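Right after this note come the structures.
Below are two complexes that have chain A in common, paired first with chain B and then with chain C.
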Partner chain A sequence: MDTKQDVVKREAPGAEVAALIPPVDVIEDEAGITVTVDLPGVVKENLTIRVDGDKLTIEAPISLGASHDMEPVYAEIRAAQYKRSFTLSRELDTAKIDAALKEGVLNLYVPKAEQAKPHRIEVKVG
Partner chain B sequence: MRVLEELKQGLEEAWETVAEGWQRLRQQAAGAVIRFKSGEHDTMSEEGRADPSQRLGRWAILAGDVYEDENKILVRLEVPGLNKDDLHIEVRDDVLTVGGEKRFQRELTEGHYRLLQCAYGSFSRQLRLPVRVRAGGEAKATYRDGVLRIELQKDTDAQSRAINIQIS
Partner chain C sequence: MYPSLLRFPSELLGDVDELQRQVEQLFGPRGWPSSIRAVGRGAFPAINMGTTAESVDIYAFAPGIDPKKLEVSVDKGLLTIAGERQNNVPQESNQLSVYARERFAGSFKRVVNLPEGADPVRVDAVYRNGVLHIAIPKQESSKLRRIEVKEVN
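Up next is the complex of A and B:
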């Protein structure tokens, strides 16, 4: 499992790409789960969200922005990309994931499948 | 309640190893590891605060880079998920201080699964600049995609002073 390593190594042509695992929040409510991921510096165009069976993978390159003409005094960011993947419960409906990226924070909403939602059973008194 | 148990286990396992990764990062960039304190504006209930594993306010990495050329210094700091108005920047002598508050404003329903790894609350990060910088309107800052960029003009006749910078 990828997530067992603190730095995920991925085979890339000619080089290994080190990835940073971003922190996530997962909050469940009646209808589904909200997954929040801190991805500073990531723009929508570079973000990849993949669902493969019950595995959800979030991937994005880490860009340092336009400062190529300047000399780095020091830099604290080492990895070339963010990557985090996890296994989703079968109760979730991965076909209906809603994603929003704002100020470097990704919010994913994964609804529960209809049959997993709590039902209220009307009892008629005859 | 065993809902999402599978997901929970996978994530917590992952978090163990993330913590190791942080240890390594911390050695590389000790100054980037910042303690977040519980903010006044978050929606976490008193009950939530009482549970230490779910309490808001925790350690997080605010990675920063400093670049320079002949005339200016560029500081890039990763502070995802803030409002521009909740950030404040100050330079005193050769120390840049960035403070702010990341608000937690989601509903937490009792009895449901939750995992909180992102840090919320107020923080303050200090960065030592390679040289002193000029005060006044020459300092600029922008906040985009969770990254704060601060551009400062180098000062040749260094004097002790404090300046505040507005984010445009």
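Up next is the complex of A and C:
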């Protein structure tokens, strides 16, 4: 339980927990797509990366380990969790997604399926 | 009534409240007040501050930074957090496309106004999971004390 969950409750009692949209870098090269996501305050155990059809969803609660009796003075992070979704395309191999979380930065690598990788097409001389 | 008065009952933070109320009036009520030094949107790193009976706690959301390169200092009731985050996005080329470049890159500096009663001599800073947690204990004189009411017959 951290202070920010309290914040959310105070802001909108009974409403769904608000989620922050984390900033990302998305880079594509010949082998696949690299997604880098800023997720400060997230521990590996709580991070959820889900692929449903062609939709990739990253979800993670923020855990600060703050004590219960903390009185907020001010807050720029006003949600208790992060959430962001992407639509993938068919040539990506979702079974081989590689994910690493370090110092609050998530690195996701989605490789392209073998047949989708660029290859030279030889032109035969007739 | 001012909602912030209800939200921050601590007398210790009276001055901070006043400042925040002024900011709120300037920029319209947004449910939550922000610091005068963070009026611009999207400042990096984002900062949350709270107090307990024992300490003032600041959380700076600064992922992907070498903690050795973080500079934290306290001067005249102002806490400064400075550092640099390197840009890891490569240049675009024939083989490489960059579709999004939203993450902050470059050097940063944030200044936070500490509530009265924070003891700047004993500052504790820990970097974990991309969050810099700075704990500043309160001075003995500003801690909440229970005053016993005596019965006189």
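The rule is short, and it goes like this: the second predicted complex is superposed on the first by the 98 of 126 C-alpha atoms of A that agree within 3 Å, B and C clash if a C-alpha of one lies under 4 Å from a C-alpha of the other, contacts with A are read in each partner's own complex, and residues count from 1 in each chain.
The rule is short, and it goes like this: a contact is a pair of C-beta atoms (placed from the backbone, for glycine too) under 8 Å apart; a residue touches a chain by one contact, two chains touch by 3 or more.
Everything numeric in this text was worked out from a predicted model, so none of it was measured.
Of the two partners chain B and chain C, more chain A residues are in touch with B. In the superposed model, A:Glu114 lies in contact with neither chain B nor chain C. Applying the stated contact rule after C-alpha superposition, one finds that A:Tyr74 touches each of chain B and chain C. By the touch criterion defined above, A:Glu122 lies against neither chain B nor chain C after alignment on the C-alpha atoms of chain A. Once the two complexes are laid over each other on the shared chain, residue contacts for A:Thr87 go to chain B alone; chain C is not touched.
Within the superposed three-chain model, A:Glu45 lies out of touch with both chain B and chain C [touch as defined at top].
In the superposition on chain A, contact is made by A:Thr36 with both chain B and chain C.
The contact surfaces that chain B and chain C form on chain A in the two complexes overlap at residues 3-4, 7, 23-30, 36, 38-43, 64, 67, 69-78, 102-105. By the touch criterion given at the top, residues 3-8, 10-11, 13-14, 17-18, 20-21, 24-25, 28-29, 31-32, 60, 63-69, 73-74, 76, 78-82, 106-109, 112-119, 130, 143-147, 149 of chain B touch chain A in their complex. Across the complex, chain C is touched by residues 3-4, 7, 10-11, 23-30, 36, 38-43, 63-64, 66-67, 69-78, 102-105 of chain A. Chain contact summary for the complex, chain A toward chain B: residues 1, 3-7, 20-21, 23-30, 33-34, 36-43, 64-65, 67, 69-78, 84, 86-89, 91, 102-105. Partner chain A is touched in their complex by these residues of chain C: 7-10, 13, 16, 20, 31-35, 38, 43, 45-53, 56-57, 59, 61-65, 88-90, 95-104, 115, 127, 129-131, 133.
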